[in-house]
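Look at the two complexes coming up: chain A is in both, with chain B in one and chain C in the other.
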Partner chain A sequence: MELQVKDIIQWFELTNEKIQANKDYLTSLDQPIGDGDHGINMARGFKEVVNKISTQDYENVADVLKDVAMTLMSKVGGASGPIFGTAFLKLSIAVKGSDSLNFETFTKGLEEAVNGVKQRGKATEGEKTMIDVWSPVVDYLKSEKDFQGDQIRKTAKQAMENTKEIMATKGRASYFKEKSIGHIDPGAASSFYIFEALAEVIKGGN
Partner chain B sequence: MSRVGIVLISHSSKIVEGIKDLIGQVIQDVPIELAGGTEENDIGTSIDIIGKAINNADQGQGVLLFYDIGSAKMNAEIAIEMAETKDIKLVEAPLVEGSYVAAVESSMRKSLQEVYDSVVKAF
Partner chain C sequence: MKKIINDPNHVVQDMIKGMVMANPKTVKQLEDTLIIARSEAPIANKVGLVSGGGSGHEPAHAGYVGKGMLDAAVAGEVFTSPTPDQVLEAIKALDSGKGVFLVIKNYTGDVLNFEMAQELAEAEGIKVEKVVVNDDVAVEDSSFTTGRRGIAGTVFVHKIAGAKAESGASLEEVKAVADRVVKNVRSMGMALTPCTVPAAGRPSFQLDENEMEIGIGIHGEPGIERKSIATADEIATELTNKVLEDIEFSIGDDVAVMVNGLGSTPEMELYILNSKVHEILNEKGINVYKTFVGEYMTSLEMAGCSVTLLKLDEELKVLLDAESLAPAFLN
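== the complex of A and B ==
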């Protein structure tokens, strides 16, 4: 399958639904190891994303992704704004010119997204951030030939759960040092919803 | 004559207001713009607000940016990438003391690079 403009829009609508439904949960993850605003931040940002992209006509996927990125950057408020914003901006730039996204283009684009986030946040794998979900998903995609929703969801879920055992060395959670161990990273949890939503779009399309 | 501008970026509008008061006791002729909190005046930082502050602080001599924790730095970097003027420097120095030193230096009509070097040297 290829992801069309309508699929990308649906991806963010589904993500928004999940984030709104789990707003309090995401915030509760940010309480022991942060400032308890992650759910509020993401809910505010993704609501604006859906408002923006559902009222617009798009000819190609890159333009949708760019609007998603810019909206997240300016509306989220916390570190997750520039982080997720950068991810979708890099994805948008990487897929510029394609009307729809085939598996290969998408995988390459997502790899660029992870590279962009690493640069922006000066972080890498194993620091208890959303990178610890995005990077394993990219690794999984690179080992495959086509979209498989169930596997994407499974990879993201496992990766999110793995963040529990990591000690945070980036972001606000890093101030808590070893006390950050034993908690799922909030940005990893919202990243799981992003990939779970993607998995549902893929399953609907296959 | 115009002077090097200063932008104070913090998660809290009260923090930057307080710093501006502190500097204002000594220095009045340096453009100091505030980017504290979000559009809704919640705790956080905003690329748009930082961008506007950069524009307002720029008298043609360039702008120095001071920031606090977490997302402040990333949002400042994105705002710099998006800004029209290229004479912007993000300063790695304590927000209060660093901007205080910068304001004094800027009021002495030093250049962007000179003010920047003085602040970096001081910390």
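== the complex of A and C ==
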């Protein structure tokens, strides 16, 4: 399967539905180890993303992803605006020139996205951030040959749950040191919704 | 949630409108932005000073916009850093060719968004320098982590860097003096009650009637240690000693003291704290050059306080004493 412009648009429409539906949950994850705004931030950003991409005509997937990135960057704020914005901007740059996305290009692009996030936020795996979901998803994709929605979802879900056991060393949660253990990272949870939405697009297309 | 608001998702826009109306001669809102700037900006031959951050810390930061302090403040949503495009707009609006200086509080979000704006401005040929304020001794300082937070000590950076810029100093000179303030300023806070982000609708944590939280930040995040409520003298001692442990003071050193209320602490209580802070400094032979008691960097309606000490040299004293027409720091 290849992801077409319409699939990418659907990916973000589904992501938005999940983020809106779980806005309070995401905010509640950000209360014990943060400042209780993550759900509000992401909901504001993805609502604008959908407003933006549903009113435009796109010729290629990179342009959709670029609009997603720029909208997140200018509407979310906080740590997650630049972080998620950078992720989709790097993905967009990496897949430039392709009308649609095959498995290989997508996987490479997602790897670039993770590298970009690491560079921007100076964090790496094991610091209790959204990287701890994105990076395992990339590792899983690199071990595969084609899109498999169920496996992507499963990998992202497991990775999100694993963030519970990590002590935060980056982001606001790092102020709580050992006390950050036992809580799911809010950015990891929204990343799970992003990949769950992707999995649904893939399942629909298979 | 009980608040005097119209729409929880519109509090920042509504506040800014009211702020400009309160100071129509001195400030303006840049069109289609959440930026408050000095009405005469850009000012020829002067380094522009921009700060900002999430809202909910009023009078920070827009209250510090005025002659002798900031040239612009960029407001984000409540407790959420503003976005790079907004910070970029502020930089562009202030640049008079002499460059723009950014005062950033050390939070991942603020640092990332301001840094991206700096990169974008530099790409447009504007000279930009910055300082990252990290005065909160409650958080361990480490190069492997996010590091300490920026809290009330930031106001001293605004004041002193602002006075330096007003004197016609270069971008490098403004940065040098701002770096010196950051090196010499430390704070520590505590809270009696949590606060409620309007769009969240419920408090960010719970504290029992007889509990207090030590090492609190200014974003409704829980503190570092929870314990039973103590007297003002005990609280002042704990906060002041924590600050003193972290920075070297010698007998005869001059300091500026800031006893800051977090939003709903009566001034009465702040003054009670202040007298003990002075007593401790006196005992140690540290000379209080100037004291500031009041609400400078709040956390919505949180009850609590922070104590900030700034070690002063001769130049910092002069700059601290210089004129300021910022509504929240008339001097």
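Please note the rule applied: the second predicted complex is superposed on the first by the 206 of 206 C-alpha atoms of A that agree within 3 Å, B and C clash if a C-alpha of one lies under 4 Å from a C-alpha of the other, contacts with A are read in each partner's own complex, and residues count from 1 in each chain.
The rule is short, and it goes like this: a contact is a pair of C-beta atoms (placed from the backbone, for glycine too) under 8 Å apart; a residue touches a chain by one contact, two chains touch by 3 or more.
Just so we're clear, the structure is a prediction, and the values are computed from it rather than from any experiment.
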Based on the superposition on chain A, does the combination of chain B and chain C result in a clash or a fit?
clash
Applying the document's definition of touch, where does A:27 land relative to chain B and chain C: first, second, both, or neither?
second
Would you check which partner chain A:170 touches, where first means chain B only, second means chain C only, and both and neither mean what they say?
second
So, does A:83 touch the first partner chain B, the second partner chain C, both, or neither?
both
First (chain B), second (chain C), both or neither touched by A:37
both
So in the superposed three-chain picture, is A:73 touching just chain B, just chain C, both, or none of them (first/second/both/neither)?
both
Who contacts more of chain A, chain B or chain C?
C
Considering only the contact definition stated at the top, list the common interface residues of chain A for chain B and chain C.
35, 37, 41, 73-74, 77-83, 120-121, 171-172
Touching chain C in the complex: which residues of chain A?
27, 31-37, 40-41, 44, 73-83, 120-121, 169-172, 174-177
Per the touch rule above, chain C residues touching chain A in the complex are 54, 76-86, 107-109, 112-113, 116, 138-140, 144-146, 149, 197, 199-200, 204-205, 217, 219-222, 224
Of all residues in chain A, those that touch chain B in their complex:
35, 37, 41, 73-74, 77-83, 85-86, 120-121, 171-172
Quick one: in the complex, what on chain B touches chain A?
38, 42-48, 69-71, 74-75, 77-78
